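What follows is a single structure, and I will ask about it in a moment.
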Amino acid sequence: MRFGFNFMLGATLTALVILAGILAPWIAPFDPVLDADLMNSELPPDATFWFGTDGQGRDVYSRILYGAQISLTVGIVSQVINSIIGVTLGMTAGYWGGWWDDLVNGLTNVMLAIPSLIFALAVMAVLGPGLPSLLIALGLTNWSWTCRIARSSTLSLKSQGYVQAAQTLGYGDLRIMFTQILPNMMGPILVMATLGMGSAVLSEAALSFLGLGIQPPFPSWGSMLTDARQLIQMAPWVAVFPGLAIFLSVLGFNLLGDGLRDSLDPHMRTRNP
Amino acid sequence: MLRFALRRNLQIVPTVIVVALLIFVIFSVVPGSFAASLFADGKRAADPQMMARLTQELGLDKPLMERFVTYVTDLARFDLGTSFRTRQPVIDLINDRMWASLQLAIAAMVFAVLVGVPLGFLAALRPGSVLDTVTMIGAVSGLSMPQFWLGLLMMYVFALQLNWLPSFGYGDGSLQNLILPAVTLGVTPLALLARTTRAGVLDVLNADFIRTAHSKGMSEAKVVRWHVARNALVLIVTTVGLQFGSLIGQAVVIEKLFAWPGIGSLLVDSVAIRDIPVVQGTILVIVLWFLIINTAVDLIYAAIDPRIKQE
Amino acid sequence: MTAPLLDVRGLKVAARLGDRAHPILKEVSFQIMPGEAYGLVGESGSGKSVTSLAVMGLLKKPLRVAGGEILFKGQDLLQLSKREMRRLRGNRVAMIFQEPMTALNPLSTVGRQIAEMFVLHQGKGWDEAQRLAVDALASVRVPNPDRRARNFPHQMSGGLRQRVMIAMALACNPDLLIADEPTTALDVTVQAEVLRLIKELCAERGTAVLFISHDLGVIASTCQRVGVMYSGCLVEENETQALFGDPRHEYTRGLLGALPRLGSRSQHGRQRLVDIDSIISDRSKLTETRFIAPRAAEGGQP
């Protein structure tokens, strides 16, 4: 496998986000929630407050470091849920066929008919705001494409010699699925999940911005932007830095995903340099 | 062609029914009663007597099965129920705001197509050029950017600093008010269209029939006009259709940001106060839109590509 | 003695990868007389198609002509401007490709694709061009040409599609037709028909043909003279019968040895097909020896 510049940039950005999230308690100069001081509110960036302070006088830089934890959690957990749902449904549908396949197909089509952010919004409306509901909402939204890919890979893998050999040896269906089929479609699934992390982070930001996701005072990048609309005239840094954090981390996931796809599928590389 | 169109249109019906069912199921598993949650957001404490009255009034005391039957039969008569909060028919609330949303969505898509497709085309015709590189970097960035953040920044620059455009609101419905939200909303589909157009055109350019066209002694311009454009259109149309879905979803956020009086902001407001009939109704209408657009895309697709009709 | 229609002299083609140029064609020279059918044979990768694309001026990056001359009616094609070359291409020199499946635009009727030729080279309007396209389809013996002209490529069989390609290539009565493996992708039964069609139509119109194939049988049945290509070199050239009867170059003997022959068993008892490498002692020495027969005399008639 050869990795290009884009992949390396994506990997670097992703690594930075992960480091920021893990090291936040040690490298953040202030507490993201408790160190609010109205005397210090809306200070422009300086030596103490690198990214300035927000309306409550909290350090934007510290809040962004802690915000990485939330974005990463949302990105990773939601994609794990997505992949499990998508792979389970897609693989069994492709392998068993019949009425189960029809049912899964129908469900996938219905899911694709609902814009994913709208679906997440509906789930949030039911479960109420907060991190757990956010993880469930985003975990339930984007599995349809994974499911389709898993199904079509299973269909093509099913006719491969080694799968048929396993069948003749009398292996059970589940054993074949997990030992023969799943490992061979991990590549595309991984690509989907990486790209999905980017869109999950974006959705989280949007929902939190709307006040339906992570609730203040917890430092999610999206919810940090909620107040920015009022503050932007006086304190534009409150809007600039959290958005930049979202942008760079999503860019990282997307470049990483594109790079993975290109290295798994050399045909694509020549087309999308 | 007509039969294809008819069949494709009929396929919407079952999907809408299933979606309606799904929405109903989701909202009937809400823990706690609607009435309670309606008051939970308010400042005053919930008065048990009032809650009971409200529950009865809203018909929430009836068994689930009965409520479902009412819901479906109402739906068949295009009755989406009554808002918990305002007591107005949901369909009226949606009707009032539909036009603003349509305006925004269409303007955003038109902007995305008019800028994204030519950019992708030119990038593909000159791969490796400065334009190509800049377009592709822009596309990846556009896809990675939270739209509402970009909108926020544009609001800051063009409305608050330069005072060229109004910062929010519908105003009297003039173009001035439409520009910022539409451009913001159009950025993601623009980026995606530029990317897919480029990939599609490159694919077509590598096709054997393009070599045939050159062997006929055709100029580059004629090859592009007669053979590349039409074939790349198939992919572009599909992308536009698919993108409409996420555009409608994103519109919810952008409408809220720019205080645009569309069904998106209606949906967000209703979710916040848990006005379930309005939430159900708006989601259903949004899904219906999306399905109609996708059907239209399929029909255009079939008109462009003769291979589709045969199936 | 008539002047050759096409005179390729010392044609060199190179592939530029990075800052190094790899030679693909090494000084290929051959001539085609007006109305003559000339065949180029060789294994895949030997440079047959590159030669034909160079003549058409359709080489794609990283391939480019690195030297030599391609004289067509005494005029060096390599010196022509893009515009002059376009006027010639399709009009005086036309080409048929290997894959009739993909060589036609799937989204355009075949009638329109043929009609483009008349619009491009004869300045006709679309309506008249469409009518001429129907005639062109009729001339390649497509039944119901009127109806077929309105068909899309996917509605046709491979054989029909290749007829469409032929109609398109011959639409402007070119002086030279380049047929690059025109029957390889077709069913065996259709192959013979299409070959006969090309042969007959070109004979009728006096069109010279440059036939490219790896199939010695196809070449033997259609061409008057044959050039054998190996590794970017034209290693041997002779009149068809002479070449098949008395191959002089080691590689040609190898090629012929790899050909199954009907009845060879009864004559020689059990005989194996020989693979080329078992005949040829050292491949690297192959391109050093060349056997070019003296140019065919009058008009290339055998």
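In this document, chain identifiers A, B and C correspond to the written order of the chains, with residue numbering beginning at 1 in each.
Keep in mind that, in the parts below, a residue touches a chain if its C-beta (ideal position, glycine included) is under 8 Å from a C-beta of that chain, and two chains touch if they have at least 3 such contacts.
Here is each chain with its UniProt name: A = Peptide/nickel transport system permease protein; B = Glutathione transport system permease protein GsiC; C = Peptide/nickel transport system ATP-binding protein.
A quick note: this is a predicted structure, and the numbers were derived from the prediction, not measured.
Path length between chain B and chain C in the touching-chain graph (shortest route): 1.
Compared with chain A, the chain whose C-alpha mean position is the greatest distance off is C.
Spacing of chain B relative to chain C, judged by their CA centroids, is 53 angstrom. A separation of 21 Å divides the Cα centre of chain A from that of chain B.
Averaged C-alpha coordinates put the centre of chain A at 55 Å from the centre of chain C. Chain contacts: chain A has no residue touching two or more partner chains. Contacts from chain C toward chain B in the complex involve residues 56, 58, 85-91, 94-95, 97, 99, 102-108, 116-117, 120-121, 152, 154-155, 165, 168.
Interface residues of chain B facing chain A in the complex, by the touch rule stated above, are 15, 18-19, 22-23, 26-27, 29-30, 127-128, 140-141, 143-150, 152-153, 155-156, 160, 199, 202-203, 245-246, 248-250, 252-253, 256-257, 267-268, 271-272, 274, 276, 279, 283, 286-287, 290-291, 294.
Chain B meets chain C in the complex at residues 207-209, 211-219, 222, 226-227, 230-231, 234, 304-307, 310. Those residues of chain A that touch chain B in the shared complex are 6, 106, 109-110, 112-118, 121-126, 198, 202, 205-206, 209-212, 222, 225, 228-229, 232-233, 236, 239-240, 242-243, 246-247, 250-251, 253-255, 258, 271-273.
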